[in-house]
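Before I ask anything, let me first share the structure, which is written out below as structure tokens.
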């Protein structure tokens, strides 16, 4: 298998491209989160009859940023808390029903786990339709203005999910972590950047990093929606605006705000989230304690060995974190 | 090329499956159009500097059903009218910028042409986000309830576009037609069913026909989004609800309301809109004058010979229609 | 998606082809198991440092039929037993390292679980090399004689794994079940047919059923190795011998020996284990309590909804079985 | 999408490889055109019943170089001339019937347009069969000798088409242009190099440029016929002769003879006519006024935005050229 | 592997569709061969330095029908004759250089072998260019008139090759056979139908049989050129003419004229020459002694077991034929 | 066709990476061959009724290293010897039945030819099963220890085949050569390195060269089994051990031991045995007389022109070698 197809590993290990952050990046997010905070969470839990013992399984609904009708799964150990809490973010266009089993398994591991479906995707509704047409999918919805970009709501929702879990009596507010893969990996880092609730983050092959390179280099996957948009809208001003908008959401630009212990994985033959985009974001992370696990023979897929690392990292920095 | 892959031609020619129309189909659409009619069109025209002579080219914006910010192209001959009018509906996830050239060419043929971008797609915004999560694309947005289904707005917008053209002073209100291919072919038939403005319809390999069979038989294309939704949501009640919703939008169920001269094309190796789904809708058309052109060696693609037929049909039943 | 590609569902539901069992089928397996029983199990457990609480995780080695050096994972709840026991069989050419997480999750569900790697595959060695050349893979190893066929050892090992679990003090010998998907689904049914230890079986899209049809109809997957062998060895006598050998291992032929409550899944677009081969085996199952879950929109893949059914079936017939 | 796959854009912008022109290049073409000039054009026009108004549509037949029975479409505005004239050259192995609509559209834009089918392709016959065997297609017909190479006739025919249009009374002989894409783009530049009739040229992703690199780098398309020929004829002398022959037809070698205002397009992910081959030819163009439009996200396909540029360029340098 | 994809074997074994022979079929071929006979063969042999002993290897050139400059290989045993003679016909668009080794191997088997390259293909030139445009390849060259159809020359050349071999002093004129695969299989049967020189024929998966079905059913290969032609030329009159022309060349229509012992092979998963087209031709063969070898697991490829049958058949009916 | 995809030709021509030979490489092979020598050959010949004259064709069985039941074909000229002898090694997972025709053809060329099926593959059995699980195929069987690695037996068997041929009375013991392609090319070089019987070697695109680069760069083929193994077994210690084991079998490391005249071929677009791996091994060959034929337009396939070179090389250095 031709690898690494992107850059040689030696080059990746030193790849720290300049940031593309706009001057008002922090202000943009402060305003967004303030606005988001004004909408009440309005959470509702409904017990699900799941054939497992030792956990309670709920379907949860929640109001997202801009009143989006979010839904998800919440699983907590049956025994008394406080439990360590974990918010799971899922991949792009991923499966809702299947997700429940993963969430239950994390519950069986002793975590109180909230898995919120991303707006528009899975079981969650959207509230802020794109003011202009876009390519099938969500990558280019609202992309002509950071105020309207789809991921503005998504990142804000990621923070709202943390707030809800933080307020649960059975959860230890000082031991809440975030994790996810691909889109969920990008959201993990974004949430760790935008909220001070999480004390640990584990991001598997995070998406949404270093857009300018990703659009050029990714041979497959949702970055291609952006390419398609630029094919359908060939005006150079639009191209500039698109990358301008994305600069507000580029996890690489937000990375320096992440300071908690953070574990990241990358596969050298990953064609959806190219290695260089992940190395770039990783190198800009502000965390003192951080580790990047590199998998030479893996692409955008479940990496069994990393799952072990992830369980271990969460055990060390979350479950058994000194309080 | 293995053909016909779907049914043998002889069988197709007699394929008239029973309708799946719900009892309140007419009531549903009457209510929808009444509601739609309450929103003003609020059209705005902006002249575009297109390097052609003999036509004026405009970018048009319009309010759609539920206030969706629609946009499109309007092209009219420079000479005085009244001109025959034509509304073009486009294919699924299709290209906005490229569309302008087709519209201009129709204008050069002497028609006043309105090409409205479909909500969410191309240059048009959406106004009614899905209250629940769905698969990337638009086929399953709001699919759990006919009131919320994406194509409710789309069909209503198709009728609104007709209303606008009908009110133009340079257009002969008695000579307005509708045409389009694929999604645009389905919209053409839907518009002819739901509005009494058009006096002729030309639908190329129409999409959105005979959903129950299409979902099972289509080897490629957007019907697959419905399959994917049913994979992600395996509850049999959801499956029933999905097909219940679709029955309100199935062009086959609306076909008997179409009474104007209607020309339809079908390619026998079309893998996106399988032949049987089109024959089914065609056989249920209420038009006295109707023709189905069958192309044995063609799939879902531009069929040069049919373009000639289409020009001819519009010339006969629209341009030179006795007023 | 064209479906069902194999037979229409109505036909599948009544598809009960005649068996191809050789007259000495029972004698063959009795002899095999007797011979197998003469080799001691020689099990060895080594504690693994897995970052989970509530279970002990072990690497296990075991002698298989013909002294094959089998290895696998054994996971048991830390609390005192007796626990219900479960043997997991894995898919063809599947991943060893990744398997551990699934096994642990079953342990967290409260089962004492043994996942034995299949000989030659994953972590297990083989002891009985094919006396003749074969196609890459295991499907045609020793295929010229039932005595030497690869799956003779595999089925015998499946029974040996049950014997070992049955003898564990922390396991309730009256509550042991078998489960697996694909090759593991075939082994599940074979084990339930050849051993009286299991009291319940759950087989996901079982492989190794109804070989004569499978070889002709499967568009992809390991049945193709048999086709390839018949391409490389064109002698009609060899073709006859191949199918003669396979008749001893065809799960359809063994199915009438299965009498425990058995749950089976089948996806109608499964291209590796075609639906008709699974319906055929299912219809021949001897169990009074049996159920076949049919998934119209699924192929050879994880089916989230069935996982729920499986957990439920095992909870009912294994975990909470009246003792 | 991995891009640019060929060379980075910065390198392309300075890519001016040395020419491979043989010393007798000019003499070869002078002789060819003189010989061609001795055959009378023998044109014949037959009115076609095309459902458009404002233009007359004809099927034209013409004698080509070496008496090849060429055919094509000729469309002229119905109003009196003189009109600006345009010769269209089409792509390799392209569709004849479909072409008529494009030609009519150019007519509706006010041009008198001749679209000549290329010998052997579409509706035109061939007159000079290859004296030796070749690979399916036309790229290697006669390739062992420049005198016999297929494109000798094609380029000569391209000039003959210009001569015919130049002689039409309704056409302004001082305002004739050439245009086409792919093979037609190569012919556009060749015609502009070999004839002094055209006053403007627009070449979309021209084929037939910089053969030595094209054969090595093009991942798809008709350059592959040359590769296939060299696979079937492995003699190094044949390889040398093939590239020797091609050097007479390489548009890069002819480019310095083009002096009229010339517009060229190139897509950076074009796999049939790789970017570097087009930049190479463009940099060698002799025109004072020339422009290369680069499309980062496009391949070998219709580029809507460039169509606008093309209409504009022809309007400026042809339609409204000062006479 | 899904098989047989075309018809079930039982149905194939009885598949004898009605012929489509035109009334003047025999007259057409009589006239063609008479005309062909008037051109002298003008053969020329040139010794090739091939590193084998026991055979002389020559490059041969020959005048074909209509003066086409044919070339090929001729290999004869070095020892004195008379030797049995064999004419080899090759597959479509096949490799010239590689062919020499096969020819030499047949020479080493004791045959005087002539392998003539087909006009236009491999090393042979063409003399009769198509009077109209066609699709890349040869299938549609001249297809609008049987007089001009490409295969008229090809079949006539096949007979001319036989004539030449028949006149060689070292060849036993009473022991000459014909063989080939695919296009060469079709030519083998055509030559046996049109010439009384061959005393035996072996046709591997013959092409050019039962065109009406082949065009509809073949998933791949050169029959697709006909489909493509009908896509580019949609006039129903042209479609009728195309099949009218093909009826003169359909090996099924010529089959009853074959009376020598004939061996044919067919693979049930052959996608280029579908099984039913070959069964159809075979069932119409006029030979008293004929055999069809059916290969269930093979497609359009070298079938080792059939090569043995072929050597055996030629040994029995050609090499050791009683003189 | 993108080429060369691996390195530019100029770089390949100087590519001589450092060896990875372990210090005990020679000792390992000496011990292996000594142990191998202790098992008697126990050859058995059975005449096959092959329809050719001039040769005797036998099915041969032989005991391999570790008692593996090898089988193969032996073909000798019917006339008296002594004949030059040739051992043929075949490609990975290749066809047994088909091989016989090639072997016969070599016999007709005047060689006494032994084609031994590789253990486990084709008609030969295996005797030394892998002590641990592995990926489907043979590349990773026993890969955790050089003593157990699959190719230990294969290379030893290659030498045993030479020994047997060397002892035949009809064979000239001083004129024995080795040849093969792909896996057979690697075995050819290994046999020439490990045995002093062969006096000439011809290796077509040899496999098993320069593993460390091959695993990274090969886009297709059996090197991928190693990648898959490393995906399934992610422990870095295992990765190190795998490459440690392979270093004993890397033909590049053995190449300096080859001193006979050696001809090698390489195709620049070969995706199974990448060019750089072959150049690397070639540059390390110890032969004074050696030649590498480079085929710019060929991949992993039969190269007609090289077959000529091969016949010539064997004629010169084997058949007509001065004795």
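To keep things simple, chains are lettered A, B, C, D, E and F as they appear, and every chain counts its residues starting from 1.
One rule holds for everything that comes next: a contact is a pair of C-beta atoms (placed from the backbone, for glycine too) under 8 Å apart; a residue touches a chain by one contact, two chains touch by 3 or more.
Going by UniProt, the chains are A, B, C, D, E, F = Acetylxylan esterase.
Given the structure is predicted, the values throughout are model-derived calculations rather than measurements.
Fewest steps needed to get from chain B to chain E, stepping only to touching chains, is 1. Annotation: A-B is the more contact-rich of the chain pairs A-B and C-E, by number of C-beta pairs in contact. Judged by shared residue numbers over all numbers used at their interface, chain E and chain F contact each other through mostly the same positions, with over half in common. Put simply, the chain farthest from chain C by mean CA position is D. Per-chain Cα centroids separate chain B from chain C by 51 Å. If each chain is reduced to the centroid of its CA atoms, chain C and chain F end up 38 Å from each other.
Each of residues 95, 97-98, 231, 234, 304-305 in chain E touches at least two other chains.
Each chain pair that touches appears in this list: A-B, A-C, A-D, A-F, B-C, B-D, B-E, C-E, C-F, D-E, D-F, E-F. Considering their complex, residues 216-219, 224, 227, 230-231, 234-235 of chain E touch chain B.
Those residues of chain F that touch chain E in the shared complex are 50-54, 95, 97-101, 105, 108-110, 302, 304-305, 307-308, 311-312, 315. Contact residues of chain D toward chain A in the complex are 1-3, 295-298, 303-305. For chain B in complex with chain A, the touching residues are 68-69, 71, 92-93, 95-98, 117-138, 231-234.
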